[in-house]
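For reference, the structure is listed below as structure tokens.
As written, the chain order gives the labels A, B, C, D, E and F, with residue 1 at the start of each chain.
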Amino acid sequence: MAYDLIGFGESMIRLAPPAFHRLEQARSLDLKIGGAELNTAVGIARLGRKSTWISRLTDNSLGRLVTNHAREAGVDTSHVLFTPEDRVGLYFLEFGAAPRASGVLYDRKNSAIAAIKPGMVPWDSVMPGSRWFHVTGITPALSATAAEATHEACAAAKRHGLTVSYDLNYRAKLWTGAEAGKCMSELMRFCDVLITTEEDIEKVFGIKGNSYEEAAAKVNERFGTKKIAITLRENPLVWKNTWTAILWTSTKVLRTRSFEVEIVDRLGAGDSFAAGLIHGMLDSDDQKGLDWGIAMSAIKHSIPGDFAWVTAAEVEATVQGGGLRITR
Amino acid sequence: MAYDLIGFGESMIRLAPPAFHRLEQARSLDLKIGGAELNTAVGIARLGRKSTWISRLTDNSLGRLVTNHAREAGVDTSHVLFTPEDRVGLYFLEFGAAPRASGVLYDRKNSAIAAIKPGMVPWDSVMPGSRWFHVTGITPALSATAAEATHEACAAAKRHGLTVSYDLNYRAKLWTGAEAGKCMSELMRFCDVLITTEEDIEKVFGIKGNSYEEAAAKVNERFGTKKIAITLRENPLVWKNTWTAILWTSTKVLRTRSFEVEIVDRLGAGDSFAAGLIHGMLDSDDQKGLDWGIAMSAIKHSIPGDFAWVTAAEVEATVQGGGLRITR
Amino acid sequence: MAYDLIGFGESMIRLAPPAFHRLEQARSLDLKIGGAELNTAVGIARLGRKSTWISRLTDNSLGRLVTNHAREAGVDTSHVLFTPEDRVGLYFLEFGAAPRASGVLYDRKNSAIAAIKPGMVPWDSVMPGSRWFHVTGITPALSATAAEATHEACAAAKRHGLTVSYDLNYRAKLWTGAEAGKCMSELMRFCDVLITTEEDIEKVFGIKGNSYEEAAAKVNERFGTKKIAITLRENPLVWKNTWTAILWTSTKVLRTRSFEVEIVDRLGAGDSFAAGLIHGMLDSDDQKGLDWGIAMSAIKHSIPGDFAWVTAAEVEATVQGGGLRITR
Amino acid sequence: MAYDLIGFGESMIRLAPPAFHRLEQARSLDLKIGGAELNTAVGIARLGRKSTWISRLTDNSLGRLVTNHAREAGVDTSHVLFTPEDRVGLYFLEFGAAPRASGVLYDRKNSAIAAIKPGMVPWDSVMPGSRWFHVTGITPALSATAAEATHEACAAAKRHGLTVSYDLNYRAKLWTGAEAGKCMSELMRFCDVLITTEEDIEKVFGIKGNSYEEAAAKVNERFGTKKIAITLRENPLVWKNTWTAILWTSTKVLRTRSFEVEIVDRLGAGDSFAAGLIHGMLDSDDQKGLDWGIAMSAIKHSIPGDFAWVTAAEVEATVQGGGLRITR
Amino acid sequence: MAYDLIGFGESMIRLAPPAFHRLEQARSLDLKIGGAELNTAVGIARLGRKSTWISRLTDNSLGRLVTNHAREAGVDTSHVLFTPEDRVGLYFLEFGAAPRASGVLYDRKNSAIAAIKPGMVPWDSVMPGSRWFHVTGITPALSATAAEATHEACAAAKRHGLTVSYDLNYRAKLWTGAEAGKCMSELMRFCDVLITTEEDIEKVFGIKGNSYEEAAAKVNERFGTKKIAITLRENPLVWKNTWTAILWTSTKVLRTRSFEVEIVDRLGAGDSFAAGLIHGMLDSDDQKGLDWGIAMSAIKHSIPGDFAWVTAAEVEATVQGGGLRITR
Amino acid sequence: MAYDLIGFGESMIRLAPPAFHRLEQARSLDLKIGGAELNTAVGIARLGRKSTWISRLTDNSLGRLVTNHAREAGVDTSHVLFTPEDRVGLYFLEFGAAPRASGVLYDRKNSAIAAIKPGMVPWDSVMPGSRWFHVTGITPALSATAAEATHEACAAAKRHGLTVSYDLNYRAKLWTGAEAGKCMSELMRFCDVLITTEEDIEKVFGIKGNSYEEAAAKVNERFGTKKIAITLRENPLVWKNTWTAILWTSTKVLRTRSFEVEIVDRLGAGDSFAAGLIHGMLDSDDQKGLDWGIAMSAIKHSIPGDFAWVTAAEVEATVQGGGLRITR
């Protein structure tokens, strides 16, 4: 089967107390599923394309729960590896309000994907005919063997002619900036499209610019990456942000409108930006990618959970500038 | 029994996912009852007056649910027609956050009220002694026979000396602007007070002005309507709007303060404006009507559901300019 | 793609008040998805086989919700027809307690599947390579064209060599016993396996026996149906039933153990019986089919919603006679 | 306005932790409204008759909440007295499971009804034309002035030709058996129909018999009460009881079937028995009263809250012996 | 046992409808525990110090519920007096949105603490070795004997060398400004630190200044109070306020940063300010007290319930100026 | 501080889908805290005695959550060790209905308590003056160092003159029967009171008898244990069990009544039996211990969560044979 996008990484069960309660106050937890690459695969599927998500999960109720949610959102899970070993990763989320930021407490150690090794995923049977491979900086950070498996996957993707995109997604709980920089730098030679923030470029690669454009240009200089998307968030409050992005290419820097977003749930916003961006690029239209990426992720801020439960029609309407009156 | 207000129209069961979830994410739906004329009748009852709401409902749990809620909120339902036929209309509501507007999905086709026909409601026994008849542009839009029944009701109201108010409430899902214009224009000769927005005046009657005042004046010119109230909403965000209104009369244009409203639930806000307006007019005080209408509907934005669960005392305090400190 | 089972019919959004409330008391409704053939397709998928469910749905949030749930539970939905027309069927469910039986209120008129017509589903491209076709007496009851489309589907199934099973599932709200009898009798010539109750055999075909075995034998006599499964429920209470089944074949009558079931949710129990039965028959083991059918549906009674969220391992353990101690 | 039944007494806000939690575990409480006479008035209204409930309530959100619920269930509240003084009574309810009985913690002291005095309710304008007056032993137990007001009401009822029924409803938290006996004995001369249990007859009047019939006969002997209904409950468990009743009359003792009830919520069961009984007696059919009383209250056990959300049709079907299969 | 802080006063069960519903709409109520002095004791405990809370409660499920919550949050309850008499106070809370302020409806009359009398609490065994005594103007307002008991407690605190702080907390429902002024003025001679608002200074003491500083200086002038903290709230909306404070001392006026707070729940914010302030003062660092007080209470606005579920680490980070990005 | 009981072991966060949903269906999880020794310590505290629970927890929101709940229920937590390392154990619980047993899925690997080592807990400062030490077979099963730490604790308990009780509590997921047998056999020399089931005696020690009494006698023979309590459960259904126990002593075998229990939540029932038993033994009354143990744990079956939220008064009433009528 040929996919428009193949994502590779971890998804966790996300548990969050309702109604802004702290974890210490919780008597119930809302359950969602989330993981950077899966979130992007969901976004691609919601826009009407075929996507698959590849991972390794423990074969119990919790592992099945993860794939059930992926399928519910339209993502193929037929290549997920199930093992009787290990555990399913969890993360706990507290929603905040200014001056209290939202907070995440990870409990993902020893999850099944951390024990993944090269050779486990039959890339050569999965990739042929597919168009795009997407992975984030979280996957190689999970363990040394996961880093090797990521390397194997990226190399296979290039070998089979897929476009490769990375979201740097630096996670300080998983590794140091130096470790991330070393590992990601090696992987950059496979990377066609880099999606990141100015902050992560500095933390991972130690690259700083006087502007977003300059920082992107320096990344291109060092690694030869042809397209670099940078999302820009202003956080005046927890419940309201300004959100936009740029796309640096060797020939020009594309811009798009910014959105004032009322925030229900920020988690997964960057991943849905990646989905919109890739969707446009699959149509060979970088500007569309940038516009759809930022519109789709602006909508994502209004949706509970990590997944972008949008339709192509409403993303398009938002790009066109839909109003805020009730739609009937 | 003599009523201060008789409302005539449809009410539906409203189903909305909690906590900003999309319908596709819903595992439970919050249930409320709403319908434009019922909402106004509720507002009138909450202010201490007698109101009745007349409709046609299927005689099952869902139909009874609708009248139960009406009675709970203080509205008389003794004239509602129950039939074993047809169905109870539903609408599904998604609460949004910028840039995603809230959205309504109607499932109201073939509801019992759509099959209403002239002669079904014994207006000549219901209306004598009552003071005001209120209907919106939704009722005649439901079906050809519903339009005839609306005509019959308005004519009866005039015959029995009731003041008649319309809220244009154009619904594009039910009919075209042209159809609405044709039907409503015929009904306008019964109308003493028109409540609407600048936008609906244009869509339904094709009337445009350089200002709200001019638009209203043109409506008066065409139909002879003596009082025209226009609500004005600015939507910078989904969770915060600015809200005010004017009342055009042949002798002067009345204005009132504007409110910055934090929005819990916008649905029914216009209907509670109508209630406050009519309440003041029943006291022969147009300025009170305008002031109470806008204050009452400003409060309504803070209340879940279509009904304005207010008291006369708190509307009055809001008109006077109550503060935002906790009331103890 | 080749499927172990193809199901064809309607699925509805099911709305039920929580905690034994009556509909008139409801302030929220729990949402599930259910439909006889989908329920069976889910059961087949949960046992590790490939199943697809074919239907016609309105292309809106509610229609997508139905296919999302089907996919979540492992069922392929790639052949579902989406239309901008019509509506998604609903049913409202009240859970009872003795002496109040649970009750269902259907609101399914004018759903998209009722407008299905022969020629709409490309059976000749869907069926080749697949093994089993399953439909219930509900599908042809939805409309005259739906009955024609069912006929077309059954004929195609036989043409492509699929085994065909029916569950009679007589619904008095949809048609009379006479209408059902006429229609189903015509369809019986395609039927290899009939799944039903003694009561429905009498209501639909007017066939009565002195025993289950005799009733089944008479069905075989009239229609030549080779295998007839009859489920037997004793209802001493709403929360506790005794549940078993027999399988009549021309050579012998198979029996299985009976279960005392504590009832969380009976809906879909018969459909999961069908799934277990078909699963065994696909393994050419009728006794396994009967044993798994009754064990799987016994477990189903303990699971909220129409779907049988079981695993093959636990059905097998239940067949073997697992105990009631906490499993750790 | 003429009522089929006038009830007089207290209603409280009932707060109960969900899902069998103890009060000490509660983080939320489910809110219902309940009070013996209101519960009976609701039952009468649900059977299609006109009933009103008279009480005294504090004029705040909580007081309005009580009348809102009464109206929602069909009861007239136009004669309720509202006062700025006092408070609204509350009771806290814990649902149990064997061997833990369900428990009630009252917080009703100083409620507005306890301060009621003779002369406050204009009985002479309320009662004319009405048919039945119902009160329980709780109302006079609330305070000395409430006892006087009850006396006044009963005397007025007899004066205006209403039938008077009492439910003894002895509450040990409110008064001693001796106090109850003294007060109720004085009131018995107004009583046409007594509804009670064998246990309460002994506690309040010190009357014991070798059988239900004998106890009733002794009550008749002492007070001349013409009809005495006694409900009989067997409590083998908390979730399952056997429930029946007898009606003693001077000419014969009527019996009815017994029901095995699965118990969702027992509160208000006796009050709905009173409603069914009175309903039949209003039709001059004692046997119907007894049959409907016990069937209606059997159904009540399955319904959350104190109110009997039934329809006349389903009570009738239960009297006829409806089965426990799902009604569709 | 020696405590860093001893609090003395009432705590109530707080009942609030979820999701901005009005009380009249409530079908369930969220339960929290709150009371000014307990809230402050909780804040002190959350910062890692020992605190005890002293009160009088009815010995039933509701009374135990109060102490359970106090202990859960880290406060010692071993000195609470339990009595079989009286009742546990309640308050009902409605969350608002502009222009509807949040509202509190008290139902605290005749609570066990209102019946407290001098001599009931063995202060001479509780206080030795402890450092700080905190009480608010609510405790003496509860009853004449509660005022005497407060006097006794303050005198004992001074005798045992504890620092004494008051929060004026004027409650118009409990007493008039004149009554409060008379009582509090007498108590002021025991007071080392006064925490209040400009508004309450005027209402209780009739003291007005041209500035916060001047008002504080006048309080010092009249009563000799050495330290006076004044919190300053700007309420442009219900969901967003600006929040800061000053600390007047005889030698200088300390200031701190102001916070823009997104408001989940304002209740208890002032009490957590007191906790932070006292925490710093216990470290003999007034500026730290002011900074921590305002930061801790700024965070409190984001937390449901009256208690400040913070950690010392996060208060410190907020004082340092933590950002609003998700913490991972 | 001197404790009546010191418990030592793990507590986990327990997450369970509401309303009988399977984990795969869960969209929210109810959160409770549970752990065998903590559950027993809670039971002891609820009966009015002092208990402390000792464990090792990660110092984050989840770790604090565990101690918060313990304190809420009255247990001292001042000796719990907090570490920045490791994680807090979890377990997932599915509530079943016949024929589906309830199920537990543990996710407790690498919890902080598993890394406990001898020397970490200062037993010599905690134990002096205390009366009873309780541990279960789960604690030594957590890791080799945890087994050593258990050994150290038991030895210290004997040294300080505490009575030592074990609950065998065999967990097949943690170790084999052989491993358990070896470890527990070594620990048995410290054990004064053994609490277990016939099944666990066989699995852990390989001891079988023709009767409960004989099995107990053989345990005594092998290890010299003076008192052996055996709980006896009959599981005819998931929602209803019969529950009793015996207490074997060298001089006689004590028996108590059996309870028919309606089951809300079985978890922790055995632990509350231990609490009641120890409570009686602390009063030197073995029969009281047995009677209270079985009554308290019978009530526990009716309470959600692992903790026995009872009072001494209601346990005593249950021992005396309280009825099942509503307590008012």
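Convention: a residue touches a chain if its C-beta (ideal position, glycine included) is under 8 Å from a C-beta of that chain, and two chains touch if they have at least 3 such contacts.
Quick caveat: nothing in here was measured; it's all calculated off a predicted structure.
Visitor: What is the chain whose Cα centroid lies farthest from the Cα centroid of chain C?
Guide: Centroid comparison gives E as the farthest chain from chain C.
Visitor: Since chain C and chain D are copies that touch, is their contact same (over half of the numbers shared) or different (under half)?
Guide: Counting shared over all numbers used gives less than one half: different.
Visitor: Hey, which one of A-F, A-C or B-C is the same interface as E-F, over half the contact pairs lining up?
Guide: Overlap exceeds half of the contact pairs only for A-C.
Visitor: Centroid of chain C to centroid of chain E, CA atoms only: how many Å?
Guide: 61
Visitor: Quick one: report the Å distance separating chain D from chain F, using the average Cα coordinate of each chain.
Guide: Centre separation, chain D to chain F: 45 Å.
Visitor: Between chain B and chain D, what is the separation of their C-alpha centroids in Å?
Guide: 40
Visitor: Which chain F residues reach two or more other chains?
Guide: 18-19, 22, 24, 27, 68
Visitor: Could you draw the chains as nodes, link the ones that touch, and say if you get a line, ring, star, complete or other?
Guide: Shape = other; not a path, cycle, star or full graph.
Visitor: For this entry, which pairs of chains touch?
Guide: Those chain pairs satisfying the definition are A-B, A-C, A-E, A-F, B-C, B-D, B-E, C-D, C-F, D-E, D-F, E-F.
Visitor: Name, in rising order, each residue of chain C that touches chain D in their complex.
Guide: 19-22, 24-25, 96-104, 106, 171-173, 235-239, 266-267
Visitor: Using the touch rule from the top, collect the residues of chain F that touch chain D in their complex.
Guide: 18-19, 240, 259-265, 295, 298-299, 301-305, 309, 314, 318, 322-328
Visitor: Give the list of chain A residues in touch with chain C in this complex.
Guide: 68-69, 71-74
Visitor: Considering only the defined contacts, which chain B positions touch chain C in the complex?
Guide: Those residues of chain B that touch chain C are 15, 18, 22-24, 26-31, 60-62, 64-65, 68, 87-88, 90, 92, 94, 105, 107, 109-110.
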